[in-house]
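Encoded as structure tokens, the structure appears first; notes follow it.
Chain nomenclature is as follows: A, B, C and D, assigned in order of appearance, with residue numbering initiated at 1 for each chain independently.
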Amino acid sequence: MFFASDNGSAVPPEVMAALARANEGYAMPYGADAIMDGVREKVRAVFEAPEAAVYLVATGTTANSLALASFCPPWATVFCHTHAHIAEDECGAPEFYTGGAKLTLVPGEHGKMTPEALAAVIGRSGGSVHNVQRGMLSLTNITEAGTLYSAGEIAALCKVAKAAGLPCHLDGARFANAIVASGATPAEMTWKAGIDVVSFGGTKNGLLGVEAVVIFDPEKAWEFELRRKRAGHLFSKHRYLSAQMDAYLTDDLWLRLARQANAAGTRLAEGLAQAGAELLHPVPANLMFAALPRAAHGRARDGGALYYLMGPAEGPADEPVPARFVTSWSTTEQDVDQFLGFIRG
Amino acid sequence: MFFASDNGSAVPPEVMAALARANEGYAMPYGADAIMDGVREKVRAVFEAPEAAVYLVATGTTANSLALASFCPPWATVFCHTHAHIAEDECGAPEFYTGGAKLTLVPGEHGKMTPEALAAVIGRSGGSVHNVQRGMLSLTNITEAGTLYSAGEIAALCKVAKAAGLPCHLDGARFANAIVASGATPAEMTWKAGIDVVSFGGTKNGLLGVEAVVIFDPEKAWEFELRRKRAGHLFSKHRYLSAQMDAYLTDDLWLRLARQANAAGTRLAEGLAQAGAELLHPVPANLMFAALPRAAHGRARDGGALYYLMGPAEGPADEPVPARFVTSWSTTEQDVDQFLGFIRG
Amino acid sequence: MFFASDNGSAVPPEVMAALARANEGYAMPYGADAIMDGVREKVRAVFEAPEAAVYLVATGTTANSLALASFCPPWATVFCHTHAHIAEDECGAPEFYTGGAKLTLVPGEHGKMTPEALAAVIGRSGGSVHNVQRGMLSLTNITEAGTLYSAGEIAALCKVAKAAGLPCHLDGARFANAIVASGATPAEMTWKAGIDVVSFGGTKNGLLGVEAVVIFDPEKAWEFELRRKRAGHLFSKHRYLSAQMDAYLTDDLWLRLARQANAAGTRLAEGLAQAGAELLHPVPANLMFAALPRAAHGRARDGGALYYLMGPAEGPADEPVPARFVTSWSTTEQDVDQFLGFIRG
Amino acid sequence: MFFASDNGSAVPPEVMAALARANEGYAMPYGADAIMDGVREKVRAVFEAPEAAVYLVATGTTANSLALASFCPPWATVFCHTHAHIAEDECGAPEFYTGGAKLTLVPGEHGKMTPEALAAVIGRSGGSVHNVQRGMLSLTNITEAGTLYSAGEIAALCKVAKAAGLPCHLDGARFANAIVASGATPAEMTWKAGIDVVSFGGTKNGLLGVEAVVIFDPEKAWEFELRRKRAGHLFSKHRYLSAQMDAYLTDDLWLRLARQANAAGTRLAEGLAQAGAELLHPVPANLMFAALPRAAHGRARDGGALYYLMGPAEGPADEPVPARFVTSWSTTEQDVDQFLGFIRG
């Protein structure tokens, strides 16, 4: 009953098998391995973007930070949601990588910003040499609240940004979950909607540690490569990253894993609601927040379930405690049902 | 016949098996996995340093840069050899991580600096608020020329640095090869000699991509953790880094792999010398530079041998061409002998 | 009728005379001039801080940024008011100087934060290696809204910060105006209240361009000197900065100038209120915001008055337009009365 | 007898008079003052560059660092002479401003590099993603050794840089002295020779503290403005900078001051040579290095002469001591002759 994060999961056998296959003989280092050639083509095919520049890094924070640094100068600001991962969970990595750019927070319910809110915040920013300049937009899908932007919503937000001349980034740490939940194609969710650069997540969805950065305009490619090397994120034995991403994109493994995670999420969300826990946001995918009756939490915790509380562990018996749950490709129906049994009491 | 780099090698079965074993069930992320607890203790035991702070990162450039940034302020300089990896091969990563510190180059034959040369360069640096301040010393062992500092030589250099109040870093990308070549213990090669922080390499010596940073004074530990996170180098599925390092340190695998690499290096160096190629530096380990007769190079290249030339590929027939060769744990005697056959013609 | 800013004013004759006196013969550069020795002592006397480190720079942005960088590491955040100058008007200088620290905004009416609001924001920040750490507090007095923190209010805010282990900075671009308005001593307004470092402004209050940075704990002094030099803010012909500050602190010129500015401010504020303009915040000093009847604004503008509008210049006749007014040491009663005449119509 | 530096001098009356004239009434801040409009045109006329972007800052380190940062990305290197001011005397300001670019040192006699040496160093740099990239060229005229590049020599060096695609910077802290010494026009010494950006010094040649940055391609102008503001180098009471530069460029004051300094330099150099001191480099301007007989140094020191020794003050009586001398616009013939009297004994 592990719901603490999708990054606590193990790795599916297809990925381990790919690693083992890659572990034969010698390979050219630093991304010149033959497997990477195939990965590049597979990513381009997934995104219907034959010119895209494709790079692998090992963590989501890196993918985001390098993407932002490549598009936002040090004297500008990144517009993002108040609770964006780049704002709250990366220990200032965007600031480090950009050389001191700002993040300007756009509020919004359920982890999402509206075009109106974005336009208002952009409108109040910049203006003269005394102000940090308008830099770029960064969206997250699945959001930090577990909710989903449709491809149309992303397009509407990018339109606001583009009207101000701003490039657009998508933090897709849970991109596969968003694709499965939305039914949109990767192209519709990204460049067709106005996104310039994507952090295409693999780690949370079943890899050991690989994310792809996809840059639709290859003009930024060389700068990105230099930034990646300079940050220590160019792997010498790159084939082991390539092999993971290759397996991920083979036979739609990435979509299958996300479907499993999302199905477990739905089962869990529905069960929680039926058991009297209030879901704090819509639950289209594998990440959810619920207000648990305190007694139910006590039973689950004693039963060995793992998840994060978003408020104090102790409190009045009649005051529910907010908690975060994440399912993954490896969450089983038994895990969910056993947990719901504790919740129902 | 792959002698281009030790990072072109595959990974020994013990490491792949450890990955497979780690791939069971759920694990706490970000270094809180149980395997890491064991790794920490094993590294401390190897270095006879029960208080040391131990962290894993995935690349050598990262290990070096984070180590330097933790000890050298932005307005200071790192004294290192003219051809140090941090100076020549990391695309300015030390400058990026330190916030713009300098590297001050210390010349010296065979990739090594002498205490006298170091003292002279330190003596000419710093001085007033107008000058970049004296920051720290960084040594590399095995050096970029393939040569070895003995533990005593390292102690003599650290003594010069300490006399100027400077902390000392050891870039141990090939630390295992240095230990095997020198007969010194890890403690003798590091803290007993005055080293404050080590980049303890694993990748070149058989891992997929793991280096440990060992900081002997744990006071710097929290700052290091923040710098690592902020740079995107804290892995969520950290267990897969832990597992590699755990296997590396189990049953002295790390020393066995280095012995194999060094033995292959010795066989190659001796064969080259006997075949009339001039060795440009002493060859105590697995990295060497030789001036190849041009005809020999032609035969080896046509035979499929891979290695880097350090000069122009074309030139007068009677002018040898300098080349770099690296052996690894996976280099076989057959590889070496086949190659030497081409060289001898 | 110049109310656009206190930095549009000329310089009083005492300061020009001091420049002329300093312009004799040779002087040691870089702060080793004899005048600076006196300045150091005068600043220490003003602040009753005989150990304080005292440095001169030429702009307020520099004073603030160097102060913040000296106390806040790159992975931490500066708590400041939503409309602080460091947040809104310095083009990201604090981020540049700190190496990418964050500013975390604390809301509050009339340009001031309350201890409760500060405690709440601090309480939500930091927490783990994933979060930007708590760094320091920065207050501004006179605030950006023209309002005043009493020495007691500053002490209450610093108490909250100190409880979280945070050093405290005071942006005193209008420090003299705050001292005059509050009746507190410089010591009461700063170190006795818990402030660790002050930007002690001179430029807005009558100098050509000099601010002092006063650091009460001299342990940070050498780091500050290196940061200043490294940023290009150490003046070779430093005597011309020293001379300005010397004149400023001689015979309480700084307080006299601020009294003149504040008196003009009071006269202007009272006149505006009597003429039917709504003052948007209390006006204890020389900076104010008022909602001007649009017709009154038209008359004043046509009459040649200069000030900034905080909203669109055009709008419905019955909708007042918010505007900012700043008086200075050189504002005359005639200036104010002539302007009020236009406002009254 | 002050020969320690040209920055120990006072300011000529024309400059003080201009300050006094500027000190009337109100002026728009931040470079929008009317005097600056004239300065812009005067600088463009001096350089025969009607499109050039012209900015004022207060120190030479700032002028250099902002110029370098505007043309050299963080992952590249600035080629400069081993003893360039940017390399030795700015406490790492170029590294701070560029976000961690490198300086690659080009050796050469008498403070000058040759095209061959520059080409060789450029040829060894860059190459792959692992290396810091080739960034730009920075030259200094008058050099740190007091010597002069002719306009033709600068053109030859820029040609080497341009062949590698590199922009070119001229550190003209003593630009006026170089113009006077060479007989070249400012245009010939800069853009006609291939220079893209100049630090046009005023401080050492008689201003209180003003340098102009002249960027010949105005495309970089806005970025420069943002970098200047972000570094705290945009002055609110900018008119006092404008006034200095205005006076400097009126009636060729800048050339007259440099002629005086250079004439004093020549008188001093010739006198030193006649008195048996060895001049260590040619002396075309106002900065020189000489090996002084130790007894002569003792007499001069006891007589009150001020200058810097470049070696230990104490030593064998028959071993001359190297010393640096700088004359300025305010050095008198009496100063020189009195000093030479002590030297001759």
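By our rule, contacts are C-beta pairs under 8 Å (C-beta built on N, C-alpha and C of every residue); 3 or more make two chains touch, one makes a residue touch a chain.
By chain, with names taken from UniProt: A, B, C, D = L-threonine aldolase.
These numbers come from a predicted model, not from an experiment.
Graph distance from chain B to chain D, where chains that touch are one step apart, equals 1.
Taking the mean Cα position of each chain as its centre, A sits at the greatest distance from chain D.
Each chain gets one centre point, the mean of its Cα atoms, and the points for chain A and chain C are 42 Å apart.
Centres computed as Cα averages put chain A at a distance of 51 Å from chain D. Measuring from the averaged C-alpha position of chain C to that of chain D gives a distance of 34 Å.
Listed for chain A are residues 74-75, 90-92, 96, 99, 129-130, 133, 226, 229-230, 234, each touching two or more other chains. The touching residues of chain D, counted against chain A in their complex, run 30, 73-75, 99, 129-130, 133, 223, 225-227, 229-230, 234.
Listing the residues of chain D that touch chain B in their complex gives 74-75, 88-92, 95-96, 98-103, 129-133. Residue ranges on chain D touching chain C, taken from their complex, read 2, 4-5, 7-11, 16, 19-20, 23-29, 57-63, 65, 90-93, 96-97, 203-204, 208-209, 226, 229-237, 240, 306, 330.
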